[in-house]
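In the two complexes that follow, chain A is the common piece, with chain B as its partner first and chain C second.
Right, the complex of A and B next:
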């Protein structure tokens, strides 16, 4: 008797916990944000698919080849064209155009996470007998220009972008935060003035020019840094080749952080609790590092997840200049081609949208961790 | 409020796209004549005949001479046709060929790799030896001396069964146990990795070698798939998969070529290097069947139909089957001259005696393919590197777009002793990078060779001219830099768009009215107008910005490239085909000793262009204007004729381009108004140049040979030829 009662109690406790979780405002907030994000994602897919369908069919096959084949046989030419359009997902295997709503619906089904099989290769273009299929949960398509599945393309190129981003964030905060604090200690003082000059000059340099100049200055084997052998292009076997790009991003990123650290610190320094702490006789350093910094960092940490996850999107110029095989070049490459790589464009759009949604949510959550006073409301 | 707006916007787009995907909007209409043809009152086919007809007739004279004992006669007839193409019909303006010296620094041992101006061998990395330091002039000279004196003649005597051996009698030495490679008395320390750079990062690299015609694809697969034969370092044809051959002329005039194949050439899967059986004679037959089947729309089918007996008929039959809605694969193949006698004996039958047949076998459509594997992967075959089988020197093991390509030595390759590098890394250099990027990468040790660019002032001084300014491209000042003579390759030509269908402009002030468009089209039909371009373009001046000091050597004023093929003249001397074209030119123009090949011309005439002559251009332009007005085709007010030209995207070189065209305008005395239309991006450039043909005159296309016969060039410009698409037909 006792044991069963106890078990019932346990079950009730668990139920209550779930019930409480639903009453928990933060939890409800997350659920709501996730649901609305999913809805936005679906809308986005519909929009992008519809926009892509606006492109004329002639973008998806080589008109010159078509005309050339048509010179010998029109039947042959039309057959060839419908095959090309079928491969681009704009027509069915018989060459009839696919309705746009069907395209949208199919894409949404493809990205919904359930187990599915997508045929990839057939014995011939009548597409009756399937030879090779993709199986898995979320299908983002097959990138023709990269000859690989979109998920694999992104996964294989994400690592290096992430690594660069990680180093960049660490070094940026390592240099920028102390600079901001030093400047805030005595607003208008010498350090502050030098810092301001640095920030203004730094802002004035166009990023691309800076990259190109540093590419040559740091990489040139006969130049000032020739001894360090940083190289002109990324080489995975030599981690040193990452120094120039990381240096450039960190250098250009410092003002963006310092200026806000300084600003929030100065704001906080004039607040009542600082005056109270001073009157209590706490040392300046103690006030600065334990009390002011913590409060000043609250608005800053919100951006860290976005910066970090944003690394998946990569940096176009940095990757182009140092030929880093990251994700930054992908979207431009996909759009640039004479026949655009539709699957890659759509896949990247979905992933990038999902990343920004997740990172804003994480940003909100990390703010609560830093500042218990903040409450997230679901309404 | 926001939400509704969003949905409304979405609805509008959906509605628009539903309408736009109807079939009428997106289809290209094939039945109607192009707009410009309607205005000219001539059909597309008739215009093509009008422009190319004379030349095609002369070409046919040469092409009809097939008897192998009448090669000289054939070449002389072809030379007449080639002269007509350029100087009488004035269809093209040849101007550049890879025929001069380039100053280059390289760590590879010279004169080791296969050499050929046609086919695919020149792009092979087999036989390439890399060392740890740049090749000095002394070492290069020593290797060259050994190369020049060491040539062994290929065997010509048949064995008891009538077969002639294809064994490579000039094979390179193998690397010693100490890792040293010795040639010409010089010993080199070898390196196992070769780093080279590549600039064009074409996303859609295709490995379907049976349909491909683009060099950026063939440069990759020629290292992965071996055919029957290849070229040795002297340009001789030697066996790859084939070990010996026999050619017998049949009673009906056809010629049967029997090849004995090696039995140790293995198919390997590119993805993991695992074995997939042995390369058999049936694999070659399978390829030919695939290429000829109209279902596969192969770009190289015309090469095979022109050569093999029964090929044209089979190709037509498959086409008819498709038109009739039947299965093209079921068409009977037995009439085609391609048979596997047994696993290692292949029999190919050419329509007529074809002395250059062996050389054509180095090109893509004759590479083998496994029917079993094709059936296994289906529609994915050739879509990417991991959906083909490899039997050659390398497997492509890594492809990272925008960064690098890695080729790894195929350890199951039958001739692996002559593959000296384990890893070939092709590193991407962005197209927008400066002219000094390659040099800096070499100096940083990232690549093993580079060609000095004249636009890289610092590098040009360090490597080519030297401190005292005495060095030249042919004899550079720096001891590590060598003047390397390019062999053959493509010829670049200027050509007209006779049936223009797209008029896109980035600068609206250039936009032409309908009358102006018709006027241009009418003027281009006039031979004298075209001759004005031929004689009025100072291309030598334009070339001087690419190859300062040696521009005359890079100049090329006939179409078929030099050193493609030779024929013995009546005086018993073996002469390059180009010399026969020179003979025709000198006879018809009343000159003596002029050579249209820049490198020969430079030896005798120095830095000059035999063709450019502004006064001639003036005369031709005024003749053209008079004829056009007298015939009532055009009025005085239609002049000057606006001619759109796709401009060089790079601002530094455009100055030379503008000068060249302004000289032409001056010479034309107000007959021509050149409009330089600048593309906004690489893609627009590609679109204008090769997809939508958005030009009246362009100089940005060329042709490279597929086999050792002038036909490979001359065939491109006949009615229905391979290059006439560029002319608007």
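Right, the complex of A and C next:
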């Protein structure tokens, strides 16, 4: 009797907690944002799937191969073609075309994050299993060009891009924010002028040229930095090989942050509360660091998650030059083959869309942490 | 330049009530605006006495704010004091140049309350931390002691439930409450002089009255000197002991409140009083001063007010008048006071002013 009561109480307490959470405006806002993001994602999937279905069937199998097989056996060639179309999701196992709405619905079910098994197994006419069935949470199809499931391809390549992106963000802000502050301290002064020259020159250098020059200058064993042994290509056993690419991205990324830090600092410096703080007898440095900096960072922090998650998408040039197996190369690879790797392209589209939605939401949440005036409301 | 940070300031307690605390002599302030020189303050001399409330009145651009900014070194980057001296606590404040020189004066000895309470406080920092910041800096109290002191101050300036509101942000306060907080911050170090730069202009009338009486009460309690900048002569009547009237960068007349209101001598003061909306009678057209103030970019010949002055004499356009003494406390800068000047009848309204003022304030005009 007692125990059942206790259990009931526990249950009631849990229920109350949930109830309270639902009364919390911020929590409600997040729930609403996640739901609307999911809805947007579904719309996107529908649109992309419908567009892909507009492509002719010949984009999904190599016509030359079909003709070659047809030279020996027409039946075998048709059999081969229907297998290709089935793998592309355009026909069922018997070779009948699948309706567009069905394709859309199936793709949406596949990306909904619940544990599922996709019965993809396919036995070709010689009774060999071509494809294993797949189990997991988010199914994005099978990548022909990488000969693996899209989810696995992206997951295995995201790690390195994630690491590079993390270091890049940390170092960019570490250098760019103090530069912006130093420039804002005396607009038009020496530091500001030098900073401006640096920023203009930095913008003027074409990224690719800078990457290639730095690739040689930093990596060449006989060059000025030969002693550091950075190397010309990424090697996962030697983390030092990441220094040149990270240096390049950070160096080229500094102006974009610095000019905004400078600009927002100068905006804040001319405001009344700074005048009042000065009349209170606070020193300029103290005003700069305890009053102005934080206020100037509010519009900047909103972009940090977007920059960070955006970097996960990877940079094509950097990954190509230093041969880093990241996500940046995937999209180009998917487009290169004889027939485009449609599943990989669609999978990347969905992943990128999801990443940008998450980063916008995170940006908003970070802004509330920094600015108490902002309240997120669900209605 | 010698390091002014280590300048020894005399103890404010050495100056007795009624003695001169700030003495400004022949002050000239110039700004360089797009390669041209604007002379905002033209040879001002004024003594300010300990414990008094002196109001500085005048229209926009007359140099009221610039004048008080020189007392705390808050002039804009392009402004400089090009002549004169400001004697305070045994030092000449015109010797201070960098922000660091001023740190011992600002907030600690001379505090300022600005016009707009909505923007004077940092919107992203808690009210409490903005007060304790000053207390800890100037008085070196511990964190806990500073908090206790801040809560006392908040209570003193009339914030109800100060303990709980200590951790609020400025946006959770109304305009009047924010101005109270600003006053609490200004008081945090028991300053010698409180400069109020139009502290009630941005507030509505009922709150204005509350803030004015708060400043008056606190002045009695702490014994500081108040320099009150305003263009509202109604406010002046309520708070000030003495009034200095400014026009085009000069003090044209100064005296006690009674002298300025009941026996004004300068035609500009006449015009100002005649144009007071509170003193207008229903049905009468409200007086307004024609023309505009002179451009301070140009050198001003004679009396700056002459072109707008219906009582101007020929000499007003040629030679600048000196300060004529009316009484021990009352001085005016107009040729009309010269023994050789023709007798001029001042506007009728000035004669009636005592009746009208009495009528308004006996009815409690602020309600």
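Note that the second predicted complex is superposed on the first by the 339 of 379 C-alpha atoms of A that agree within 3 Å, B and C clash if a C-alpha of one lies under 4 Å from a C-alpha of the other, contacts with A are read in each partner's own complex, and residues count from 1 in each chain.
Basically, a contact is a pair of C-beta atoms (placed from the backbone, for glycine too) under 8 Å apart; a residue touches a chain by one contact, two chains touch by 3 or more.
The shown structure was predicted, so the numbers you read here are calculated from the model rather than taken from an experiment.
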Quick check on the chain A-based superposition: chain B and chain C, clash or fit? fit
Once chain A of both complexes is superposed, is A:298 in touch with chain B (first), chain C (second), both, or neither? second
Is A:370 touching anything from chain B or chain C once the two structures are fitted on A? First, second, both or neither. second
Please indicate which partner A:30 is in contact with in the superposed arrangement: first for chain B, second for chain C, both, or neither. neither
Should A:279 be classified as contacting the first partner (chain B), the second (chain C), both, or neither? second
In the overlaid three-chain picture, which partner chain does A:361 touch, first (chain B) or second (chain C), both, or neither? neither
Rounded in steps of 10, the angle in degrees at the Cα centre of chain A between chain B and chain C is 150
May I ask you to decide whether A:50 touches chain B, chain C, both, or neither, giving the answer as first, second, both or neither? first
Which of the two, chain B or chain C, is in touch with more residues of chain A? B
When the two complexes are placed on top of each other via chain A, what is the minimal CA separation of chain B and chain C in Å? 35
For the chain B and chain A complex, residues of the former touching the latter: 6, 10, 13-14, 16-18, 20-23, 25-28, 30, 203-205, 294, 297, 319, 322-323, 375-380, 383-386, 399-404, 427-430, 432, 437, 440-441, 443-446, 681-683, 686-687, 690-693, 720, 725
Taking the touch rule as given, give the residues of chain A at its contact with chain C in the complex, in rising order. 271-273, 275-284, 290-291, 294-295, 298, 370-373
Seen from chain C, its contact residues with chain A in the complex are 72, 74, 99-100, 102-108, 111-112, 114, 116, 119-125, 133-134, 137-138, 169, 171, 182, 185
Considering the complex alone, what residue numbers of chain A touch chain B? 43, 46-47, 50-51, 53-54, 56-58, 62-77, 79-80, 90, 97-101, 120-125, 127, 129, 131-132, 144-148, 157, 216, 219-222, 229, 231-235, 319-321, 323-325, 329, 333, 336-339, 341
